[in-house]
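Read from first to last, the chains carry the letters A, B, C, D and E; within each, the first residue is number 1.
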């Protein structure tokens, strides 16, 4: 059985699966803090250019993924402004690396994450935060001890949405970092490559099943965690 | 000036813009009731297969768009099971029509819409709904008069997210209904086509700007409406 | 309409296990914080499905866990005033008030909106949203919303706790009118003995999820120990004899004649008078020339220590009993003892205005 | 520590425009629903930024809109007991109680957790979440949370409204101790005259956003009209003379000797006694053989109609004034008139237990 | 690497997606012969071209259109003199079904009537190579204007093929290499070679390639073992 199961996908496909999981996890976790910050700023602060920021965050959703990927290529590519700077100063190369795939996935998933978290923040009663401040908690402490725990279900929902989106991301990724096996060939890219060749549908559909199974598992896990958190808040 | 502005895009591109707006609006509005129902069921009901439904709703997010498009083709195409039935019984043809593009966009945007609305529903205090029921309101009335108004900001957020996503949807649409100018050539298809030819970036970026402007306008409008609704609830 | 209530429910450590009947009129649920009052009310409203239970209102089975019967809240036709307001934040005050009306049959819309709004003093708030109301204003709107829904039964969970005395004094007669004129049965949670005595047809004292005492206000409030509160009170039942021009009403009770500030009931009506034990002065001789108009004469039936300082003296006045609380020092100085005749002095105004209970429906279970 | 408060704020129709000083001790904000009490407290807490205002606590400027100064709430070191609880739903009772402690300097943690928990009777609830508490339980936890945060000033917005009498009687002495022993200044919102008389060093009566009266409990509560409540009350200032073995304390006031159930204060202390006008009986002749131990003699200074039934009779007893409320009928029968000598009979137990105010800090502003 | 023993050098080849399985076989035989590993990255020619212009780590680029190869050459991203046309392809008209009647493709072909109310599936006619060739061929035959409104344009040839295979569209224009493999379609005609520009797949070494074996692989693409494989997939070998 185990060898059956292992050989159901070829080694190249397993590699794509592993890479996709790694890319999606990194994309989700690394963008989470910024996602929470952005959501908080959009939900609670008033500042100049707020609507600009809001629009900017949503861009990847509105643009065809190919365009986003192209813009990423122009910006973060080896000859792009930011890409060159990152390379020179920090030795970070994104283009045609799995890190670039993670960046593309993170950017594509960012609006979903921010929207979910923002909605959760807006549902927190500011009166509770005010109560915490009268008890001596500074803004940051109020956030850490009151707001954050209360929005946890929303944060989980946002993160899992982002993870799922990252697992399915294709257009921007292939446009930005191409489709290099072991480096940037995620599951969707592999599926695309398989669909381009006659008779590739069988292998493609096997990959689809694995991708769906993985994303579903993450989804179920997140539901479970979110429900436990919510139950705790409601009072058992 | 006006003629300048009109000729900045060619007539074919204007056609694509008009079509994209129509497709996205329909995709959003027509799927909204089902989106609310699904979100409500996932948030408040317990039934067998709930997690299955949840997973199913998320599928379009996880799958590469091409796969979704292909599955749509298999199902809703003229020779597809559902497509044939729709054609025979209701005379509804989706394939190669703008209606099919709307279906593809709606399905791709559905998980985003449902997530947003669901989060909003979960934030409604069930004690308010209980209070309404003691005042004689049946479940449906409670929903219409208490739950729905309270989740309105979430519904708006979900709808706009869906609209933005629909405006940017490409992979599933082109795979399902191809790219027929005036019928199914949306802005992203047009942009894609332009990006396929060397030197097409200039024309593509004009379309990108229009698409972004439209989606931003929708976004700002939704923010404005959502804020007004929220302010009403908070009590001016 | 009698409501029969039998419930058994468990919340972690707390167990509710009780059964009582709420006869027509006002049934007050009385008891310390956490004793289960809100839990009972929620079960009657249908917001809590108890582990086991049976609730029958006027022959209509609202709940019967054994028979798997459960009438959903919106079919119970109740007006529930919640302990925490629960106003609809997206509706303004007027819309909140009228909410229940949409669902009430036309015949049940007996209360006039403007009358209720005036009584509650919320006229200037009608177009505001709940977020912009003060605590007491919210509570008043919540009361109005329940009353205007045209309910067959009212559940009121500490409706007046957030209100000032003046406002309470304006709203209490309204509940009396509902009880008497409209004869809507009322389940009323309260901590305030004054409210209890004034409104209660029946008092159900709860303690740790069980019924500690049940009976008329006279029976339950007289038994301070059952309530676990340090208030000893007597309730005298009296009949209205006449209304006089100087604003006093003449009442006849078993023990004699009493004068109280004008009650609203017609001559002939039976009413409850709550008299706190500490408001009664005793005298061995018949007192003369006092401003107090009410002097009843009786025989000491019982004399029992109350706390370190005072004793409770129970007088028999015909069939009625009146409890006085006097210092031990006075009791010794006056040589009070069972069997002795004694005069009780009650200030006319002491039983006014909050403690004059008005007529209650004859034929109650007490 | 004196808190100087001057505020001007507009909420739609409602305008707040007031200035008063809260001297050391308890300053009670008293007034009808919607008069602006919570608004004032929120401004002191820093939760409301008024249109204009200046708040200075013990020389520290907390707010000065003219100078654009605003100390954020978390730097004000206050313990705020909210009108609506506001417990943190994701924390259990223990975590709620200890929340403020994390942020309090070690030196400020003067209250012992177990002591506060015991006083509030919330020991069995410590591991529960607020969602599983009754209304009164929530309020008690909210009180504990504020007290345990080691505040420099307490803001209490109707902290006891949801509680039963027994529980109130347990918690009130705690506020007294904070006021006297710990000398934390307290801004206390209340509707209940009994609480006011007992706790207040200073009473600020609000009406429609303005100060209707400010002064000692004696001054303000005596002036029923200023409060817009139908409660007429006198407050006598008395000195504790001795404690007797039978549980009574002997007090000396301007008008003579008074006996009340044991007060906690040491002999020599000055205390407030609140006496409701309706609890005073008048007699032309010196009464004999009554259970009431307190008989004060004075001269009628004023006689004014109160309502249709009764008149207020103000007696001058030396420098003090005592108001009695008697029926018009008695007033006519007894031929009461200004200048006449008269005896006031006050039941010993009438001033007990809630209405015996205990010592207040000398040097207060009144 | 792809799991093979990394005995030699490794080269990265960016190649048009339509070459995927044929090129995989060619690469495999080369690796077997030389021990050098090949990493293949497949995407649309336009995507790959732009990536190379942005410094992608490709040693060799095989494009499905001369246009994109020219663009990369123009931006100076190809090694001068290291470009050649490797493959050719044929444009065919396909119909849904296992054995449909062949037609002769000339100016008398009544394509409009054959379609009726239905669609002709093609790749995007302005941008994707197969579509560009197809439009040119139809124009040359004088058929374009009449069928233009009936064309359903897919984003690549495979998607156009899928429309015909699913019978969403009865007819389509694709490469012979694609049509050969799909069982549900029949080639009912071959477009004359002169009706469109020659269909060629140019290959070249990139300017930034430092691989010592890139030249050897480029040569290998036109050597007999590779030619056999290309032919097996229906390509025309050009040399």
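Throughout what follows, contacts are C-beta pairs under 8 Å (C-beta built on N, C-alpha and C of every residue); 3 or more make two chains touch, one makes a residue touch a chain.
Chain by chain, the UniProt names read as follows: A, B = Molybdenum transport system permease; C, D = Molybdate transport system ATP-binding protein.
This structure is a prediction, so every number in the text was calculated from the model and none was measured.
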Chains in simultaneous contact with chain B and chain E: A
Number of hops, chain A to chain C, where each hop joins two touching chains: 2
Centroid comparison with chain C (C-alpha atoms), farthest chain: E
Chains most often in contact, by C-beta pairs: C-D
Centre-of-Cα separation between chain E and chain D, whole angstrom: 90
Averaged-CA centre spacing for the pair chain B and chain A, given as whole angstrom: 20
Centre-of-Cα separation between chain D and chain B, whole angstrom: 60
For chain A paired with chain D, centre-to-centre distance based on mean C-alpha positions, whole Å: 57
Set of chain A residues in contact with two or more other chains: 66, 70, 192, 195
Chain C: positions in contact with at least two other chains: 84, 128, 132-133
Multi-chain contact sites of chain E, meaning residues that touch two or more partners: none
Which pairs of chains touch, using the document's own definition: A-B, A-D, A-E, B-C, B-E, C-D
Touching residues on chain A, where the partner in the complex is chain D: 127-128, 130-139, 141-142, 145-146, 149-150, 232-236
Chain D-touching residues of chain C, taken from the complex the two chains share: 11-13, 31-34, 37-39, 83-84, 124, 128, 132-137, 139-140, 157-158, 161-167, 169, 191-193, 228-231, 246-248, 259, 261-262, 278-279, 281-285, 287-293, 307-310, 324-331, 334, 345, 347-350, 352-353
In the complex with chain E, residue positions of chain A that touch it: 11-12, 66, 70, 73-74, 77-80, 95-96, 174-175, 178-185, 192-193, 195-200
Residues of chain A that touch chain B when the two form their complex: 51, 54-55, 58-59, 61-67, 70, 111-112, 115-116, 118-120, 122-123, 153-154, 157, 161, 164-165, 167-168, 170-171, 187-188, 191-192, 195, 204, 208, 211-212, 215-216, 219-220, 223, 230
Residue ranges of chain D touching chain A (in the complex, touch as defined): 45-47, 72-74, 76-80, 82, 84, 86, 88-90, 99-100, 102-104, 128-133, 145-146, 149, 155
